[in-house]
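To keep things clear, I will list the structure first and then write my remarks on it.
Think of it as A, B, C and D in the order they're written, each chain with its own count starting at 1.
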Amino acid sequence: MMPVLGYWFGIAWLDAILRLAVIAGVMTVVVIFLTYAERKVIARVQQRLGPTRTGPAGLLQGVADALKLVLKEDLRPTTADRWVFELAPFMVFVPVFLTFVAVPFTRDLGVRFLSLGLFYIVAVSSLNIVGFIMAGWGSDNKYALLGGVRAAAQMISYEVPLVLTVLGVAMVASSLDIRVITERQDVVPYIVWQPLAFVVFIIAGLAEMNRTPFDIPVAESEVVGGPTVEYSGIRWSFFQLAEYSSLFVLSALGADLFLGGYIWPFGSNPPGWLQLILILVKTSFMILMIFWVRATFPRLRIDQLMSYCWKVLIPVTVAQLFFNGLVLVYRWPDILLLVFSGALLVGATAATAVAVRRAARRPRDAQAVRDRRLQYARGA
Amino acid sequence: MSVEQWVFYVLAAIAVGGAAVTVFARDIVRAALGLIVALLMTAGVFVLLSAEVIGLVQLLVYGGAVAILILFALMITRAREVTYRLDGPQKPLALLAGATLAAAIGVAVVGTVFPTNTDHINPVGFVEMSTALFQTYAVPFEVASLVLLVALVGAIIIARQEERQ
Amino acid sequence: MVGMNAAWLLPAIPAGAFALLLLVRNFLPRKGDWVAIGAVTASFVLFFFVLHDLMTRLGPNFHGVSTGFTWLKIDNFVLRVGFFTDPIAIVMLAAVLVVSLMVHVYSTGYMHGDSRYGWFFTVLALFTAAMSTLVLADNLLLLYVAWELVGICSFLLIGFWWERQSAAEAAKKAFVTTRVGDVGLLIGVILLWKKVGTFDIQTVLHAATSGQIGHTYLTVALLFMLLGAMGKSAQFPFHVWLPDAMEGPTPVSALIHAATMVVAGIYLLARMLPAYMVITGLGTLIMVIGMITAIGAAVIACAQTDIKRIIAYSTLSNLGFMFVAMGAHALTGGMFHLLTHAFFKALLFLGAGSVIHAVETQEVGDLGGLWRKMPITMGTFVIACLANAGLPVFSGFFSKDLVLEGVMHGNTPYYVALLAWVFLSGIYTARLFMLTFFGPSRDHHRYEHAHESPPNMTLPLVVLAVLTLLAGWLALDSVGRALGFPGGVGEFVFVHEPEAYRFSFTVAFAATSAGLLGVLATMYLYWGGGPERARRFADYSPDVYALIRNKFYVDELYQAGINYGVLGLSHAVAWFDRYVVNDTGVNGTAQLTGWLGYRLKFLQNGKLPTYALAMIVGVLVMAIVALSMHS
Amino acid sequence: MIPLDQVLVFSGILFALGVYGVLTRRNAIAILMSVELMLTAVNTNFIAFGVFHRPSLAVGLVFAVFVITVAAAEVGLALAIILRIYRQRTTANVDEVDILKW
């Protein structure tokens, strides 16, 4: 077991409670910092300054926001379904919280090291869909409901490619233990062998987190914040907490799975401080990339989102799994993994580009889609 | 009484409560939420029974499945029906049947002497289970996947709106 | 060398001819009559090979030869189509084939120009096949099948001119009446089969004689079989169908209702005689039945005016006589009389047919003096009549004597009664030919129109007349030996031991004088001026004459039985059927079902929860039952 | 350490509740939920017997996997059918879908 967070007092239930407390604390700090970081990064990208007033260089802006939220009144619409409305933020937050449990940060630093860690994360992370639906439906608000439904459709769809990419890595490493997967990358990180998986992982992760360009469920200009529209104060902060926690967890997981985690490029067992630095750097890289995407791309339409998932992402990831299986079963050289995965990545990119260009040339398509949707909404 | 047993009681109680909500709730979304509670707690029971894989599969499958169920419920339940009585006229009879069934199962369980030694759990390892699933029962597994595929295709065909309508 | 193993060909050839004619007779020249005649001729020729083979094998330990093939096999139960050849069968077969051949030839003339000429020969072929099968059958089931087949042929041929109401009625009557007996036969066969486990006749007989079958059981079974024999052979009280059967064409009367089919009953008794001999009382019963039929029919024959009916009653009378022979266990005499009777009675019928063909009436009152016009017919007819009257030299004399001698031992009352029967035979026979051929012609127009029949009709008459003249001599040992037989008929056909024919002067004298007396008395009554004397004689006692004229009112009695008994019962049954079976049973069930269906259909309310509830309740009931059974 | 019969009683209660739901619900989706409940109860039994049996039976777990698979297939098809019915009759109430009656 890990020395840093070992069996404190040797009592199981006390140990569990302490661990939960630690997670909560770490997550809170991380989230506060991340909100600040995002605002700063995006501001820079957009050639603004971002928060500067609170604290040095605006560093305490997040803390101030958090304090404000905690102190704000917790409003609830009178027609809302009380229990559902009030439990929804927890239902969103708890799964993220639970995924945090299984992510190893260094060889010894982590809450729990599960032999089925990857599977556990995949399973648990799917649960927060229910939270969004609860929020959307419990608010008794049309926009909230619309957002909740959008969130459900999007997250269920993108869970499939996400699981498939993770599975690709697990196949190459032939383990579901995240630490084992990470430590197999002491020479070459899996982003080399599975470039397609890495790209799809980021895309699907964005969709899972409802982040731009897949922020359709919470789009302010369409559904004014979606499921969270009726929330305020501490409950709204839970949504925020969940969003940025999952951003952090997913980035850490991506760093572990694709970027060599706390090991690469310093051999099989670098010292502990180096491991921590490595993982922080790589996680930060992932997070920054996601911020970068947010600052760059416009929002997609929901039909484009769905088509992209079912017509591009799932086929190519399934194909990648198939080729992985071939290479692993017949013990072909590892380079073929890169060849297949890269070829698929190139193909998928090219196909997407062609489709995008063609769609742009046919504005009537969009009109037709809108007409059909209207027709459907009228119950035709 | 060990901690495990207490945990089991708590999980089971919550699961039964969720199930009760599922079948007694007047609101279909609440029923669905009760269902997911029941299913998650049952997954917990699976983990307690050292069948972690099945527990996780349960989470994975039913998290999405229940969400889909709610979506459909919202989609095809007319607004006035959301608060409409969900139960049919044969409620008393159904109650009687359910109670009798529970009693019968209880009597059967209590009255049965289970043939093998059941005083402690024998965990099934992940590898062991995978071997069973992919080697011993490879053909049934393939058939099951085929069933799934056929069901998927069938569902698409059934649900697809005719183009010329 | 073709021998007894080819016995199966005897029925098979006519059967093939039947199949051929049934399918393609209308496409054949002359409607295929030559096919039937050829088939019968072939069988007839083959018969001599079989006969020759049989004679070479004949000896004290010879019982018969069985050939055939398996018909069907169920587990270890085997049913054969087997053919059993022994002297009894051979004698019968001789009668069947000779008469059949003659009738076939005769029919080409008699039936000439008939609209269903081809059909007639088709059925004749079937009849020949069926009759041969009946005679040769080695098991009771096959015998029964053939028995029914000849019944069918009889039905078809009696009703040959079914446009005539009376013919159709007669066919039905014959069929229904014989059916009563046939059912008896079937029951008897089944009873014997249940006990012995096989249909094979020899096995059954062996079982019966060796005491394997209880006497009561055997008696019941044999009584049922006797019922069959009585029906087929038209014994009292089933005799009523035979005179009516004269509605059929005359060749049919000759073949089926005189020579062959009606003696099937006699043949059955002869075949089963060893079994009948086991039960002591049965012989007496058969004799009594035969005697009633013989005397009664002879008396009725004296007062009939239809030429064919007179001969038909004569046939009945002779059948009764043969029954008496069987009852007295005089097998040899009975079978011999069967043979000779077949010849002379067929001859009588064919002669009568020739007359009818010529004058187109059957009423003897309209005939007379025909001897000038039809000398050949007259000659052969007289021979047949003398044989029938049992006068010496003619075949009837020998066979009758053989029977009388058999009966005489220990059965004196029957012997005396048979002498009376001989007397009566003389009377009606003489009356028949006196009225037909002598005296003045009573219908001038018909007389003028009359002519001798064509050669294809007179030839069979001559052949049969020769046979009638000569066949009787076979009874004598010396004649039999000269022909190659081991002896006379007595040596040839026997049950236990050969009984050589000893010419008994007493019997011959008594019988001859009785017959002669009858003939002479009748000749006196009808000599010269016509029937006036006879009419005066009848007027002595008009009541008795009416009684005899009306056949003792048996038909009327039956009709009354049918009117009051059967129809009354039918009314009761019809009431029961209409109100109990139909209204309550059939309609009631339907209405109940409909009502219940109407009520219960509402259970089928189309709602899934209801169905699911029903399912769960079913599961629960089963679960509770299982639980309570376990604990 | 949980006794086997307690697990079985738990699953029995779940199953009975599911049966009650199937019998009493009118909304097709709600019926589907009750069916899921029943299937889970059955799965609990499979797993319980699988792990309590000695030597342990992987079969029980494998069967549970199959049950979940079939349940997924069933949900997919059932939802498609319900959707179709809804489009035709604008209701998901099984009481109103009774054209198969007498």
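What we mean here is this: contacts are C-beta pairs under 8 Å (C-beta built on N, C-alpha and C of every residue); 3 or more make two chains touch, one makes a residue touch a chain.
Note that the structure is a prediction, hence the values are computed from the model and not measured.
Enquirer: Give me the fewest steps it takes to get from chain A to chain B if each step has to go to a chain it touches.
Expert: Counted as steps through touching chains, the separation is 1.
Enquirer: Mind having a look at which chain is the central one, using mean CA positions?
Expert: D
Enquirer: In whole angstrom, what separates the CA-based centres of chain C and chain D?
Expert: Taking the mean C-alpha position of each chain, the two centres sit 81 Å apart.
Enquirer: Can you work out the whole-Å distance between the CA centroids of chain A and chain D?
Expert: 32
Enquirer: As a quick test, compute the distance in whole Å between the mean CA positions of chain B and chain D.
Expert: Here chain B and chain D have centroids separated by 6 Å.
Enquirer: Using mean CA coordinates as chain centres, what's the gap between chain B and chain C in Å?
Expert: 86
Enquirer: Can you tell me which residues of chain D touch two or more of the remaining chains?
Expert: Each of 19, 23-26, 90, 95 in chain D touches at least two other chains.
Enquirer: Quick check on chain C: which residues sit in contact with 2+ other chains?
Expert: Residues 607, 609, 613, 616 of chain C each touch two or more of the other chains.
Enquirer: Please set out, as single numbers or ranges, the residues of chain A touching at least two other chains.
Expert: none
Enquirer: Would you please name all pairs of chains that touch?
Expert: According to the stated criterion, the contacting chain pairs are A-B, B-C, B-D, C-D.
Enquirer: Would you mind writing out the residues of chain C in touch with chain B in their complex?
Expert: 607, 609-610, 613, 616-617, 620, 623-624, 627, 630-631
Enquirer: Which part of chain A faces chain B closely enough to touch in the complex?
Expert: 12-13, 81, 83-84, 115-116, 119-120, 122-124, 126-127, 129-130, 133-134, 137, 145, 149, 152-153, 155-156, 159
Enquirer: Of all residues in chain B, which touch chain C in the complex?
Expert: 88, 90, 93-94, 97, 100-101, 104, 107-108, 111
Enquirer: Quick one: which bits of chain D touch chain C in the complex? Just the residue numbers, please.
Expert: 19, 22-26, 31, 94-95, 97-102
Enquirer: Mind pulling up the chain D residues that touch chain B in the complex?
Expert: So the residues of chain D in touch with chain B come to 1-10, 12-21, 23-27, 29-30, 32-34, 36-37, 40, 43-44, 47-48, 50-62, 64-66, 68-77, 79-84, 86-87, 90-93, 95.
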